[in-house]
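Each chain gets a letter, A, B, C and D, in the order it is written, and its residues are counted from 1.
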């Protein structure tokens, strides 16, 4: 199991737990990519606190935050992970979703005749994620998808239906657990520090999570400023999560810092990262999630949290009725937030799973015949 | 246009010529992978003699000839080619077929938002080539395929039909040219040197070209010895081409050398490489091609040259009636050769193209709208 | 000429100019390492504005800011620069000083039998710079040193005296030029933006430039906080330059941000970078430079600017009488600043050169016999 | 302890044994470089048969056998070994001698503040080995040298005399052991296979071991052919060892193969590798060692075996009176062999050690204070 980024861990945590509990399976964990960078929150600490052992840590991300360094980081990842798999000799490698560095995982495994299981294939987004996701599907031997539509697409891509399993998305598992006791039972400021002033948010708050879009990375600073202006004009309490390491991240960070120099933002508090359970509680109790995070599309569908989804990053994804799509436009953003503030909370939706994906994944991993040889079936 | 291996150049030569002739297009040529290694024949000399300029040469192949070094070579290729494309700034990158290192080309281009054109997608073979080929398809924006079946498959893989062009395989172009004057009008021994004794082959000869199969690379030495035994027992003149750089190459080379130590082979002459035209003439005039080269499936279909195709490497490919499939078994190999020696030569077949692929590719490259953003269309 | 870091450019600028003016020499410029990272200021813009052409830009710095990523960045640099030199085919490569990535330059050149000229050998500092500097000397064929003591040491290290030239340090050339008209003839805030409030500094100001020490990188946050506390207690106008990319940089940045959250710092303005001439003017007119920058030891010696040199980074360097050494201790730092505020400005010193190094370097490069083969001479 | 090449293992074996026996020390073994390549003999099998555990195997050698791939292999080695050391966390890393890839070991360790011990510093050869060796010295903290002259030189290079230990060369230890029972008590052909006919060598034989010289790599094929001609004209039994992986290796292999095609060589048998003890016995009983191997300078000095040392590779090394230097010239080679055939065997010399280097190295490693911080002491 290779974890390459901050959100991947929370996505996959219940599967890790189920694998670890399964006596027939042995879990090996490799941490790499942005998951290792302090700048993006110490995921390794969270993982070890949760009782998992990290077998290898591999630095592979180049500085620069542009398209060239994204590509080169992936190349470096192939080299490093080839070594790691050569030495760990796993029976199967699990690769998650569609970030650029995940292709390094698939290549390092597939080229060494190690079966590859891919989670979250068959979805549609556009931009480089779209290419990476489907290339992962074509390099993978076993597929764990999140919806019936996704399963149909993976099969249409020529994969053997016997190896395509709609387990739902493991990220929903955690949301299902959290729904048992969704109260915000911790002090956000004290537990996570972060940057910015503290404030009273008992009358409602927003969460912002907006990542750079790699095909539009030159506009990153401009895009984030529309959101900042909207927040500035709303003057509501906001918990803001720092963007991830994609091309455009530097532009975005710079945009945020420049804005803060000009406009006082005492009602915004910035975080790098949060324990997944706590993050889901924060989402559940929010008036609205703003930005372009896939958590808005997936976890919030199950939680019933309203979402203002900005721009093109989630284009093509199946969406439940908790999502309002808007452009990079402060007015549209504000209007959509107002809509959610004055309307009823949407119902919980199971389009991305029913909450038992982790256990299903572990079961399949235990029983599926291992093979690394396949042919298109049409 | 990135050339990564010895056979890729002859495959693509007519397209290069057509691009160079097209005044609207500018050709940039990058040579890498095994195409640069002396051990596999100086492709760069041939290319420059043919009047093309090589813009960059990039060493990326690790020694070792095993699966791990194949993967690491690919990673190194991603790093290097990212740099090369960053500096050359091509409008589109053309990647050829399905060898392991071709994914390095696709990734380096796609991740930098450079459109990718892929040649020879939509075919079926099995083993790692199968995974690499279809992953290339999913990273590519424009597709040049070799047959109607291949076109149908690429479209079923979710690609936009407007961007999938059945040009036929450019390798057939050269075969079509050669068919105009197919006489063996050069002295094979004098022109290409090679290793082994010279002999009279005016009463007929065989050509052998057998590469390692990466999923069976541990059996490479054993597999090649069956072919060697068959040749030894046939005692017919043989022109034997050295295997390529895949995992198993070392085993195969070692197998050949060990055999030569034990058995005198005065009727076999070994070559590393040959100018494509000369190679096709040699094939046309041969009694039979023996081995697992894709030239047997493609060029020989058009030339009408009989083929004894050994083992699994070409499994799943469409084949014309010039191909007899056999196992790694000296008896089967001998029987199939005898069959061809005593039966009529098969007719020429156009299943892989009619001989004008190069011109069609150049035409499409000139007119196709460039884009690097796509979505699965189902 | 390979430039790997922000300060290297200003160090070497007069040599670049002299090389470009010399009709017998052709200048090729490669920009890499932290010199390419926006985070550390756009050196490439400055360079191009100064009329130089950058032949290649090579991204090679891994994120992480720790010792492992420093080492891996160097390895990546060797790979990339080998390619670059293979393609550019320089007659000689000039490598500057002793940062970790400079060994990548020396190796890529020396291993390809390209002569290496090294600037600033023979000095003493301790920590990894010390090892890197002398290893560079042993890989280099021509040596441009900054002082007579340095020349003596390079010769004692076994180098041929005919190839060791005391040109003085080219950084002093620029200081000599600036001394002709050292007035602060630009608006610091307007021209360089930066972060923090603007203020009146007509009654005197300090400049702070403090980099992480790689052998003490875990203490980076703590070390910088002593300086921050000293500044906070002084309440004088401060121009603060952001630390460089060494191991510890993340800790240091984090230390600065955390401090700013707690303590209002309206009298400090942060910059990433500045044109070298402007930076020297800023230094000349400062009451004192605080930190551990080598500019304090070299340029400030010539400018006669007082320096409070903190910690071990410049240990072992020859120092003129403009330098007061202190520990990482807010009290010592404040005392040393007070001393300089109440005592006469030191005289200009020429221990690091007389201001004509660039021209001397170009002259030697034109006339020195090129060789890449040497033997220790004892 | 990092072993990068075939001969390094035999050089260091007694030190490995002594470290393993020392209860205060824990041995970690990393195998990399050409030591891993089948083409150069399976060193890993020998090592494991000798009872050592290999902790990591790292592929890092690029194909191409030219200067550019030597440099790039070193860069890849830095990347890979940085990872390995990051995970193994050794207290000290031992690097051996002066091959190009050894700088990768020193950098990966030194940059991560891991103390480096260097074996065989302070010697003189010329060419890239010379640069690499002394650069290793400057990156190392502890020095194990082979002679008093070498010790004096390392100290003159600025190293602290307390950290420079003349232990003699560990390669001599094995020679000393072998001298106890130097009979050729095994069947050379049966035990080692190899390539070429078998023959009677009871009336005396020669051993040839000639490596490419990296600064003359373009002449590699021509150089080896002089030796081949000399052997062909001598018509004496010869055991010939295959050249190592340096730039020029491909040229050399090709030169040997081409020669064999033209001239029958039934009196030459080719080997890739041999167990060190057996190799030393073979050397002891030989009439003469021919080529440019350092074994001729070191082990043969102790064994009293005559040597015909060809060309520049060992230039500058201290030599005992068992060595006759000649040029790449078949006549000079033959004359020197004739001289040794008709003169008395030279006496054993201890200039490279007395046979207890391994134990001394282990003792020092146990007791020397570990540090990674040093300064030139003049």
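Basically, a contact is a pair of C-beta atoms (placed from the backbone, for glycine too) under 8 Å apart; a residue touches a chain by one contact, two chains touch by 3 or more.
Quick caveat: nothing in here was measured; it's all calculated off a predicted structure.
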Pair joined by the larger number of C-beta contacts - B-C, B-D: B-D
Chain located farthest away, centre of chain C as origin (C-alpha): B
Distance from the mean Cα position of chain C to that of chain B, given in whole angstrom: 52
Inter-chain centre distance, chain B versus chain D - centres from mean C-alpha coordinates, in Å: 41
Of all residues in chain D, the ones touching two or more other chains: 59, 68, 72, 76, 79-80, 83, 86
Partner chain D, residues of chain B touching it in the complex: 34, 36-39, 59-66, 68-69, 72, 76, 195-196, 245, 250, 254, 257, 261
Chain D residues within the chain C interface of the complex: 67-68, 70-72, 74-80, 82-83, 86, 100, 103-104, 106-108, 110-113, 124-128, 130-131, 134-135, 137-139, 153, 156-158, 214-215, 316, 372-376, 378
Residue ranges of chain C in contact with chain B within the complex: 56-59, 76, 79-80, 83, 86-87
